[in-house]
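Report on one structure; see the data block that follows.
Each chain carries a letter (A, B, C, D, E and F) given by its place in the written order, and its residues are counted from 1.
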Amino acid sequence: MTRPSGRQNDELRPVTIQRHFTRHAEGSVLISCGETKVLCNASVEERVPPWLRGKGQGWVTAEYGMLPRATGTRNMREATRGKQGGRTLEIQRLIGRSLRAVIDLEALGERTVTLDCDVLQADGGTRTASITGAYVALVDAMDGLFDAGKVKKSPIHGRVAAVSVGMLGPDPVLDLDYREDSGADTDLNVVMNDGGGFIEIQGTAEGHAFRRDELDGMLELAEKGISELIAAQDAALDGA
Amino acid sequence: MTRPSGRQNDELRPVTIQRHFTRHAEGSVLISCGETKVLCNASVEERVPPWLRGKGQGWVTAEYGMLPRATGTRNMREATRGKQGGRTLEIQRLIGRSLRAVIDLEALGERTVTLDCDVLQADGGTRTASITGAYVALVDAMDGLFDAGKVKKSPIHGRVAAVSVGMLGPDPVLDLDYREDSGADTDLNVVMNDGGGFIEIQGTAEGHAFRRDELDGMLELAEKGISELIAAQDAALDGA
Amino acid sequence: MTRPSGRQNDELRPVTIQRHFTRHAEGSVLISCGETKVLCNASVEERVPPWLRGKGQGWVTAEYGMLPRATGTRNMREATRGKQGGRTLEIQRLIGRSLRAVIDLEALGERTVTLDCDVLQADGGTRTASITGAYVALVDAMDGLFDAGKVKKSPIHGRVAAVSVGMLGPDPVLDLDYREDSGADTDLNVVMNDGGGFIEIQGTAEGHAFRRDELDGMLELAEKGISELIAAQDAALDGA
Amino acid sequence: MTRPSGRQNDELRPVTIQRHFTRHAEGSVLISCGETKVLCNASVEERVPPWLRGKGQGWVTAEYGMLPRATGTRNMREATRGKQGGRTLEIQRLIGRSLRAVIDLEALGERTVTLDCDVLQADGGTRTASITGAYVALVDAMDGLFDAGKVKKSPIHGRVAAVSVGMLGPDPVLDLDYREDSGADTDLNVVMNDGGGFIEIQGTAEGHAFRRDELDGMLELAEKGISELIAAQDAALDGA
Amino acid sequence: MTRPSGRQNDELRPVTIQRHFTRHAEGSVLISCGETKVLCNASVEERVPPWLRGKGQGWVTAEYGMLPRATGTRNMREATRGKQGGRTLEIQRLIGRSLRAVIDLEALGERTVTLDCDVLQADGGTRTASITGAYVALVDAMDGLFDAGKVKKSPIHGRVAAVSVGMLGPDPVLDLDYREDSGADTDLNVVMNDGGGFIEIQGTAEGHAFRRDELDGMLELAEKGISELIAAQDAALDGA
Amino acid sequence: MTRPSGRQNDELRPVTIQRHFTRHAEGSVLISCGETKVLCNASVEERVPPWLRGKGQGWVTAEYGMLPRATGTRNMREATRGKQGGRTLEIQRLIGRSLRAVIDLEALGERTVTLDCDVLQADGGTRTASITGAYVALVDAMDGLFDAGKVKKSPIHGRVAAVSVGMLGPDPVLDLDYREDSGADTDLNVVMNDGGGFIEIQGTAEGHAFRRDELDGMLELAEKGISELIAAQDAALDGA
């Protein structure tokens, strides 16, 4: 069976990671996973949320947004509607947890890093692209702290990337685009570190419930995809 | 290693499922999983959301709430704060998806079933208790529709229950209470049907990332726990 | 003329007051007045609102909520709607004022007691049941403070209970249930202390305006009912 | 004992009722009760709220507001804060119920009358002044409907006015200004019609609980005051 | 061509400025420009917004509101809708900027002056009337500070007034009322000081784009009108 | 006197206009004016706002947003804060009015065009860049309607562009960047069409009030700048 995108079942979309995309943020990355494009800005502020004051540690949090016309039909702007929807809150909580899993908050010191992930164009997989891109922005921001002598070494102690996998008919496939996602029976988002450990898995049966062997097949693809994404992050970070 | 609760690693908390707990709802269940107590009310309304009008199908949705003092310290009431938090939205979306996985929305007809899951007392696992209890309330509500001649047969085509599992040190354990959850390295919520299929899995590493064999161990416990919970649902439904 | 409920005009519905209903709150009472069931939780916090800081006194406040399906048809959840309605605000202000009338805020010290009154099932008289039940929860919470040596004596200096009365055709009747309330010409809520003093009266003509002698008749019934409710509170508090 | 205002215990403040205060509203009244000044505008719209559509009747509702500097210290504007407070909602519900008690909603036809009561200057008794003034604005609006041939006769079938009474030490007193209200033990708002019937009573003990004989004393003063207010309404309506 | 109002093209509507309109505000002015009537209250508070604390200067800000029935058809109350509309925010920002242009914020000291401009009746030009009236209220409030010995001299260092001009067909006209404004091709609001300097100009083409010579013609009328308005302010301030 | 940017007083920043920047919108333009970068997406929907239904005309509206880290320090996301600020509302109203000035809403038919202007990077002049860019996106969207045979000819009947000018000390200067804007005494935004007519002018004195001759000097620069911007729009539209 051929995927709608024509890709192999274990084939990622082309990934590009463009650093220094905007000039004000301490880390600024435009990640493209195929036609999905997310701008990930890391902002460092010299203060912590009220509940962390005086505890000698920092905080990493994320916010996620989609431009109204990132999608095929226009969505109402959340600022106009007066609140963020459940999907948005769910995604930004996921991004925040994923990045906190690879940073030492005490080594960060009493600072807050906010990762703003704004989707300029959507074609499936925006939450996983956000995590993969935000990691690079976070590294740049932490390197900046180190270069400025504000921390003794980068507080980052691991790497993190994310990808979606799914069941397309009988086949597990890697990195679904929007059209594939709409036709898939299961959608599984996987966040892993560079040691092959799972940071987060979120799977939803959208048609029939998925069996244990299907889960196993999807997880194998995810592991493969994530190791490629981590290589892409490395390559991007090796440049200036 | 002994669990803080003294239970075996594969031992559920005592479960009680009390039907007809309140009198107005079409289905009304008080489920207790140990000291976690959730009131699950199913309401049937003869209308559908605007985006489903005229499509010949119904809708099942859920809302989740926690009484301000369901927990050890008082939480601000969401109605006072003026909005539902991200955690609430995330949970009620999960409950809704889980229940929709076992119902035929066309057989339901142009009706909306709302499952209100309100936590009267919390001790960990409120979202999974909500799903397990809401299923029973949904069955009662659908049986009522059938008894009233409004549907030809119950639109429910499967069973669903949910449980949390986690890693407590090196050991996978089943059905964590609040104290255990606070100390666990991983928290994994699993929703399954009675055919052993997965409807939803959501796992978060809270300490170290979890390995594939740890995931396997947790999933085995979840399968065991869910088959016991489904048996408890059956027993409750066998009564009047 | 016979009441729809079959009760005598001066007859209360059966009252039960169950203490220690949930485990976390400092006082937790489930009060049932016939089919009206309200969970009243008292929470003690070691802080006061900003406008009382440093004034050497405490505060007692109340919040009121109704589960969406406490009633015959489902009501939209206030947390979903994004605000509390006028009726809710009016009721919780009434409960707060009523309880503050029997407590010495200076003897309480710089603490806040919040009385959360959540209606699990409604059949008329939810605001008066809330007051009657909240009083018992407040006593339990204050006794807890005393037992812990935080106050020298209970700051409570009186008792308070509340009941509704109304005109059903030409007759004043006590403690209206929902069906009776819908058919009544006048609805009068009365809050009294154990010395026979009025703490609050709120009467509304729903059909014809009520005359002075009708008011007198209703007030007499209220006095009788409240003395019985205070006896029920006493009996509940005499248990463990 | 002399009242702070120097008035007799049964003496109203001077009342002036200025009709046609603004030019756009169907009824527009500036009522002054001493230094309390409320602008009461009646607006007639040829539509009803959704829940009354097609039922052959109209609706009367009220909104209440206070200009930020109507009071001795500035209050935050409710439009800025993003919601109406509990006190505002409580008052506007009271005004609406009071006016609906004297109008035949079927005779009104499928129209909505909104009574906007905006306090330009406050010195106690703003809710009762609002009711007394809104009645006159409502009469003017209904007379306008009649003059335009839209109704066969004025749908108003009674008169309504309101006043506050209270206990100042041992004495019941009529029509408390702000300074008196702050020192009073009880605050009782009374709404009556011209037949001496009660439409609404709302009494709150602010110091000691009030006894039955004190209530009787206050109600007698209220009856006297309301008959004088109704006379003032009549006098105003007799002018052009 | 004759203006709908019958006025000359360079003729202001009659202006009246009534000081001390309400009793609580430090400055209270009712300004009438024809049938447009705005109550402008200046409130002085001994504190500054958080971002100015400890900087040794004060702040002047404005809020604008329209009573629901200030206009020909009733507008929904912004407090009910839960937010201020874009037009309101735009106007109150304009009023604030205009008044800050004539006051020395350091001489004011760590105080906030809030200018509440509430439109009681609208007939075009409410924002410009608000500025013209608010200036007089601000002077009264500052004179009060001086009389109380709180400032050494009035911190006001200039005068400010505002007027609208527009193109009615080929003709520039001064001070448009609502009917004229609806028919005008251009609407230009001009705020000037007593030295003939511009503080703010806001012009919008509503029909055809306006040419440079049309702009010149409108600005000349504005200068004339504003000098007359400043004379009216002076005359009002010369009284007690 | 030299400008901080080193540009001539009448020199625009380099302008680039990149069409088809994202793939879903009917028109999608990334405009850069120096370091200010705004993504302008035009969305066409086959419906009109409720108040225009059945009137045989369309509507053009705009929304404006700034990514949280478009600026030197991070701004709170408006979707998180729960409302759009006054500045945002003011700007999006301006953009909408400016574009409606060059389109024939009847020729558009019963459609809505929404122009989403999202600032990716800010360095002064974001509102004027939004207008200039949105015009090009609107043309692309209208050409698409024409190509699809939905309109007989493009409903656009003119061109529109915008620029800011200001007084930097004694000199009028064109197209201020952020640093220049902070130091300017006057900030004037000018929107013009290709016939040299003014669509909107908004000028604010930030230091001293500006004189008539200063206004004249600024307007001349604006005319020059806008003719260059219109040329840049033309050049961009001449490409594919």
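Just so it is clear, a contact is a pair of C-beta atoms (placed from the backbone, for glycine too) under 8 Å apart; a residue touches a chain by one contact, two chains touch by 3 or more.
Going by UniProt, the chains are A, B, C, D, E, F = Ribonuclease PH.
Since we're looking at a predicted model, the values are computed, not measured.
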Contact distance in steps, from subunit C to subunit E = 2
Kindly list the shared contact partners of subunit E and subunit F, in label order.
-> none
Write the angle of the rotation needed to overlay subunit D on subunit E, where the fit uses Cα atoms and the result is rounded to the nearest 5°.
-> 180
Using mean CA coordinates as chain centres, what's the subunit B-subunit E distance in Å?
-> 59
Averaging C-alpha coordinates per chain, one finds the centres of subunit A and subunit E separated by a number of Å equal to 51
Where subunit A and subunit B are represented by their mean Cα positions, the distance between them in whole Å = 28
Can you list the subunit E residues in contact with two or more other chains?
-> 82-83
Chain contact graph: line, ring, star, complete or other?
-> ring
Traversal of the chain ring from subunit A via subunit B | A, B, C, D, E, F
Touching subunit F in the complex: which residues of subunit E?
-> 83, 85-87, 89-90, 92-93, 97, 101, 192-193, 195-205, 208-212, 215, 219
Touch list for subunit B against partner subunit C, complex | 22-25, 28, 35, 37, 39, 41, 43, 45, 63, 65, 67-74, 77-84, 88, 114, 116, 118, 120-122
